[in-house]
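Each of the next two complexes has chain A plus one other chain: chain B in the first, chain C in the second.
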Partner chain A sequence: MKPFILKRILYAFLILFLVSILIFLLGRAGDPLEKAALSTRMGMADSEVVDALKVQFGLDRPLHVQYYLWISNFIRGDWGKSLFYREDVREMFINRLPITLELFAGFVFWSAIIGFPFGFIAALKRNSWIDASLTTGAVIGISIPVFWQAIVMIYLFAVAVHIFPPSGYVPFSEDPWKNLLSIAMPSFILGTHSAGIISRYVRSSLLEVLGQDYIRTAFAKGLRAKAVLLRHAFKPSLIPVVTVIGLEWGYMLAGAFIVEYMFAIPGLGRMCMNAIFAGDFPIIQATLILVAGNIILVNFVVDLLYGFLDPRVRVQ
Partner chain B sequence: MTKTRDFTIVRALAGHKIAMAGLIILVGLVGISVFAPWIAPHDPNEQDLYRVLEGPSRLHLLGTDDVGRDLLSRVIYGSRVTLVIGGVSTLFAGIIGVLLGLVAGYKGGFADMVIMRITDTFMSMPLLVLVLVMIATLGPGIKNLIIVITVLTWPAYARIVRGEAMRVSKLPYIEAAQALGASGLRIMFRHILPNIMAPIIVTASISVGINIMMESTVSFLGLGVQPPTPTWGNELKIGYAYLEVVPLFSIAPGLMITLAVLAFNLIGDGIRDVFDPRLRE
Partner chain C sequence: MLLHVNQLSIHFHARQGIVKAVEDVSFDLAEGETLGIVGESGCGKTVTALSLLRLISNPPGIIAGGEIFFQGRNLLKLSEKEMCDIRGNHMAMIFQEPMTALHPVLTVGRQVREPLIVHKKAVRKTAVQDCIRLLKRVRIPDADTRLHDYPHQFSGGMRQRVMVAMGLACNPKLIIADEPTTGLDVTLQAELLEFMKGLTQTEKTALVLITHDLGIVACYADQVMIMYAGRIVEKAPTLELYRAPQHPYTQGLLASIPRLDQDIQQKLRPIEGQPPDMANLPSGCAFHPRCPHAKPRCMRELPKLMQISTGHDVACWMHSR
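Up next, the complex of A and B:
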């Protein structure tokens, strides 16, 4: 197990390194300063000013030197300054992170509370009308684009009936109830998409596990259905579910960006979306590398979970 | 693949309700986009400034948009760009991914290492955010969308094809082909590829849906295909601004996107069911 973990950690760092190069090149593509200048409508800035700015941001040096400076500063905690807000990018991150984390807590809550029971029930009631409607619901949940689901829900629950605020965010410290209301709809929208994925995988992997010999043995020795399901079937059926969460993690994070943007939730996603529109590359780079780091970390944890869920992996 | 096996697959698919539902939706959507000039009741770009933001009427079945264009006609024409971007980018990404995946899986060694590192790098990034960043750099437009989506989505195929090619390469018939002196190219394309088509088709089908979703998202955010070209994402972008006045303006194009993605997901599911008999009755 130990060499396995060590190898995985080394590999994760290698991928993170390659990701950082890709992100760096993306940030430098297409003369970032010129674009930033255009989007602030100071496009007329004369070339002397632009050249001075280039020196200030170190863009006049060769690419590999720029990369070295950028990555070493990043690791030391100096993430640069936003081109527009003139603020320290790291500070902007720290200020916005709790909001995004709250959205994510809501998202995990909804996807778990919908995804697992639905998948479980569909598997147990296999080929009934309950199964058919849950499975159809799941595939529809996957197919609805996040932004359209947001529009429809805003119309239904904020315009037609005033239950939730159409957008905006109220901090918990200000008004806990309004805070929950403002986060409920956006997190639900994120949650339904992944709940659709989770319930499909829970269903199919549970069906596969229930067909195994050792489950028949468990029934044959007189165990009650509840005991068989919870003690013997549930854990191994989680393996594909965990895999798909790892694979879909990046997709879910991107969904959070869209939702934050649409609901005007002042978190990391909205900050990055605005930075993309404005060409604020220090923010884009920092966000991308942290998100990629997060995806790599999640997939690493997924690999470790295999060992926990499937003892055979530990032996190998 | 022999003729008889092809035949059983087609028959199995034909008997698969879910796949058929998806196929019917898809045929409908493709039909709408091909025959758009004959189906659409109005010219999608014809403005009527006396009739802006109207609700459904006999003249305009779904109502009109903010400059008095017929919404139904715009939704019908919108299917063209969206389906073309979804399909073409899937085709390109599929070709690149399958080629690299075959080389990585069959040849192994250095090529495998390089291709897989690139694949893992791409797959550790949030795809949609990368699409937005790259489109913001390259500029909007149909061509750029296809390029960006292709560049970012081929690794999904490469990874799957590599795994399958490795598995198949160990089978005795490949060894037999090698012993008979077949070239590497011949083995890859004549002996391995036909036997791993199922997971490729499943991936491609689901991928068209994802690509359509990405194109709509990018267009919805105003970075995609530029107006006045009608796409579902563009319609939604304008419609969203008038959500309280004419809700149908946002609902109709969004429903079309959902239907398109749903169709490809259902077809993908159906093919997977047919090829993976473990879960079949």
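Up next, the complex of A and C:
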């Protein structure tokens, strides 16, 4: 088990390193981009001003030196200053992270609480009308685009019936109830897609497991159906589900950007969207690094979970 | 009589219609006795075995008729809960593919001790001790450490022995072994079968041995039942069957295996033709398209199983008077 984990950690860092190079190059992609980005906020900046700015941000140095300075500062916790807000980027992240994390917790809550039971029931009631309607629901959940679902839900639950606020965010410390109301709808919209995917995977994976010989063996031992399901079928059926949850994690990050923007939630996604429009590259770079780090971390956790769920993975 | 099966019929609802996988099968089995069920793939032998434990999945399968008396109780009349108390406890099954029949992500120890925990209400600690004892009994080396291993860390022969240990856990009165030696090499086959034969002698365990290997049956079974297309075509004490096979199918099976006392020059004679399509059986005797002695009557009428001498039954028109 130990060499397995060590190898995975090594891989994770290697990937993170390569991604950081890519992100860095993306941020410096050509002079024109930079000039355009800088000049939009300064009218027709003359070349002397631009040159001065370049020196200030270290853009006059060779690329590898720039990369080295950027990455070493980044690791030390100096993520630079926002071009637009003139604030410390790390501070900005720390202020907005809890909001996105809350949205995220809501996403996990909704996708798990809908996805797993739906998939389970659909598998157990296979080929019945219950299965058919749950499956239809799941496919709808998967296919609806986030932005459209957001518009429809805002109309239904905030405009037609005033249950949830149409947008905005109330901090938990200010009013816990309003905080939950403000996060419920956006996180639900985020969770819909994953809930659909998870329920589909749980259904098919559980059905596959239930058709295996070792399930018949379990019945032949005299176990009741419930015990067979919980002790023998559940664990192996999770293996493919863990994979899609890992993939959905990445999807959720993309979705969070859109949802935060639509619901005016001042989280990381909204900050990054604004930064992209403004060409605020220190923020963009930091966001991308965190997003990549997050996905790599999740993949690492998924690998560990495989080892936990399936002993055959452990021996190599 | 430990087991008494009477006119058992099992049907499957398939797209092509109703498949009569087992039709009108009757047999008896006493304590300590071994019954060999022989036939080609798809002849209904595994389905018969599964039905004894009522493990036919419904749908698509259904026990369409008949009775199964085990220790005097009709299993087909029991509730699912009562059936659970019999499975793995009084009647155990050893499946043919230890590769897939063992749970891949549970430890061997957990799987072997599970019947004890379910049926004997054993606490974990004594169950672990019993489990080590069981594994030792089927001669798994280093049983006390290996019970923490997973099936994929075992060799094929050891996996099969784990299956056997699992079946033995509660000292069942009847063990159903579905091709227990398929895929094992010959020495392991002999070892496993000797072990089970020992059980029938010391523990008075009855054994249903399902196989397509007539050699195994000759050595280990007291009675043999030959099945073809879901029906019994011949049933006899083992010696009698090998000495004087009566049904053309049995004769064909015996002629198709090599014998030591045979002239080397003599060629093996396979049975002509293919096993029948179970969804679309031939009329009359299902064997008639492949039978060298087929008469017009065989195409029209189904021969009933008739006793021709003590304990020897045959379903063939050649033997009906």
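In this text, the second predicted complex is superposed on the first by the 304 of 316 C-alpha atoms of A that agree within 3 Å, B and C clash if a C-alpha of one lies under 4 Å from a C-alpha of the other, contacts with A are read in each partner's own complex, and residues count from 1 in each chain.
The rule we apply is simple: a residue touches a chain if its C-beta (ideal position, glycine included) is under 8 Å from a C-beta of that chain, and two chains touch if they have at least 3 such contacts.
What you see is a predicted model, and the numbers here were worked out from it, not measured in a lab.
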- Query: Given the superposition on chain A, are chain B and chain C in a clash or a fit?
  - Reply: fit
- Message: So if I put the vertex at the Cα centre of chain A, how wide is the angle out to the Cα centres of chain B and chain C? Nearest 10 degrees is fine.
- Response: 80
- Task: Tell me which partner A:R312 touches in the superposition: chain B (first), chain C (second), both or neither.
- Result: second
- Task: Decide which partner touches more residues of chain A, taking chain B and chain C as the two options.
- Result: B
- Query: Which of the two partners, first being chain B and second being chain C, lies in contact with A:A220: first, second, both, or neither?
  - Reply: second
- Message: If we overlay the two complexes on their shared chain A, which of chain B and chain C does A:F277 touch? Say first, second, both or neither.
- Response: first
- Who does A:P145 touch here: chain B (first), chain C (second), both, or neither? first
- Look at A:L14 in the shared chain and tell me whether it touches chain B only, chain C only, both, or neither; answer first, second, both or neither. first
- Once superposed, chain B sits from chain C at a minimum Cα distance (Å) of 10
- Item | Contacting residues of chain C [partner chain A, same complex] | 53, 55, 80-81, 84-89, 92-93, 95, 97, 100-106, 114-115, 118-119, 150, 152-153, 163, 166
- Quick one: in the complex, what on chain A touches chain B? 14-16, 18-19, 22-23, 26, 29-30, 35, 139-140, 142-148, 151-152, 154-155, 159, 204, 207-208, 250-251, 253-255, 257-258, 261, 272-273, 276-277, 279, 284, 287-288, 291-292, 295-296, 299
- Sort out for me which residues of chain A touch chain C in the complex. 212-214, 216-225, 227, 232, 235-236, 309-312, 315
- Task: Quick one: which bits of chain B touch chain A in the complex? Just the residue numbers, please.
- Result: 117-118, 120-130, 132-134, 136-138, 209, 213, 216-217, 220-221, 236, 240, 243-244, 247, 250-251, 254, 257-258, 261-262, 265-266, 269, 278-279
